[in-house]
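The two complexes that follow have subunit A in common; it is paired with subunit B in the first and with subunit C in the second.
Showing the complex of A and B:
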């Protein structure tokens, strides 16, 4: 079920403040964050976030199409290297 | 033979069933159409009047996204996810289930027929 509209989108408050500061300063610093649960807001467009994936901060540059998604969606938490082709040697 | 929303030719079935042959109209939508146009459930397509048929067609035209247009929209939506580089797009790219289902077993609809792995037994 999707979130009730009357609640508005969820964002961690400190992120909004940091985004404001970053935009005023004009420098495009990576904003490191663990807040994968935060929604991408329209005022985030153009900023770069370092979204934690449990191990590293994945740099995510926010484009207009990303608005409405969560930050975590752009920072995969699992790495899959594929299955080994030859398992016979193990026998 | 009745043509509703392009090529579809459902006949001699009850109206709300026949309408579900159109891609994009399910049972709920079909019943909604019938109710709005004023067709009872026991009517069949071949005893609808030309008037009622045009009404049905009009309603589909205005209220429903159907056939080619719907398919196009679906593929456009998927493409949007692919270009976005979000998790959902990645899952689509790898042909794996998109909505968090398990893939340890099952998920055959997305993964296709099971491929046996040689020498998997210990």
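Showing the complex of A and C:
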């Protein structure tokens, strides 16, 4: 058994609590979080998180396919403006 | 023909070989669908061109433009965008919409609180998002079926089921 499997998935405790409250309330509120390191758990499916990217919150609606990934994977931190080589070729 | 009648569907990103072939980056959902359109126009002078699929390299399509036989001729098409007429797009069903049609629409919630104006659509792998601009600041809002309440084309408004507090950091 590899070390990461033995340790199990990591989720910030407060996020689990917030998710439980949101699920029980039945409203589709956005749960704001800075915890990009938290793993997407099966009980998060259907919820929407606002995952901070360092500047603003990116809405992330959880689907089944996202279970096991980290929340931060769905909230890009960089903006791609194109390669410098592309700009040269437009001259 | 005005710019609103045309939709960008691709771009020539380079040339290929010495026989006048060009590399085409297609923005259509299925890249090869760009060849299904009857009329394809060039960006600089709205000239109609005929393109034919020759092959595919990585994510780009290799195609041949009618009456372009040499690499030097093909170089003139580098970085030019391709457009099709808006009328040629498939008709949408009742609950569908084209992203482009909603650019510039105002976004409100059910309490008529304003989120700003739509400037772009994005998908980072976790559902459709709209980027809205409000007082020189931009925000991302979810646009999935859970949140979209109504689109009013007459008033140019989108109503979302979302609290305004979402914009507070």
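Everything that follows uses one rule, which is that the second predicted complex is superposed on the first by the 79 of 91 C-alpha atoms of A that agree within 3 Å, B and C clash if a C-alpha of one lies under 4 Å from a C-alpha of the other, contacts with A are read in each partner's own complex, and residues count from 1 in each chain.
Just so it is clear, a contact is a pair of C-beta atoms (placed from the backbone, for glycine too) under 8 Å apart; a residue touches a chain by one contact, two chains touch by 3 or more.
Remember, it's a predicted structure, so these values are computed and weren't measured experimentally.
Asks: For A:28, is the partner it touches subunit B (first), subunit C (second), both, or none of the two (neither)?
Replies: In the superposition, A:28 touches subunit C alone.
Asks: Pick one for A:57: touches subunit B only (first), subunit C only (second), both, or neither.
Replies: second
Asks: With the two structures laid over each other on chain A, which partner does A:73 touch: subunit B (first), subunit C (second), both, or neither?
Replies: Once the two structures are laid over each other on A, A:73 reaches both partners.
Asks: With both structures placed on chain A, which of the two partners, subunit B or subunit C, ends up touching more residues of subunit A?
Replies: Larger number of subunit A residues touched: C.
Asks: When the two structures are overlaid on chain A, which partner does A:48 contact: first (subunit B), second (subunit C), both, or neither?
Replies: second
Asks: Is A:17 in contact with subunit B, with subunit C, with both, or with neither (first, second, both, neither)?
Replies: neither
Asks: Based on the A-chain superposition described above, do subunit B and subunit C contact any of the same residues on subunit A, and if so which?
Replies: 63, 66, 73-74, 76
Asks: Which residues of subunit B touch subunit A in their complex?
Replies: Listed in rising order, the residues of subunit B that touch subunit A are 80, 83-88, 90, 117-120, 122.
Asks: Can you check the complex and tell me which residues of subunit A touch subunit C?
Replies: That would be residues 28-30, 32, 48, 50, 56-63, 66, 73-76, 89-90 of subunit A.
Asks: Using the touch definition from the top, list the residues of subunit A that touch subunit B in their complex.
Replies: Residues 63, 65-66, 69, 72-74, 76, 83, 87-88, 91 of subunit A touch subunit B in their complex.
Asks: Any idea which subunit C residues touch subunit A in the complex?
Replies: Against subunit A, subunit C makes touches at 78-79, 124-127, 129, 138-142, 144, 146-147, 161-163, 166, 169.
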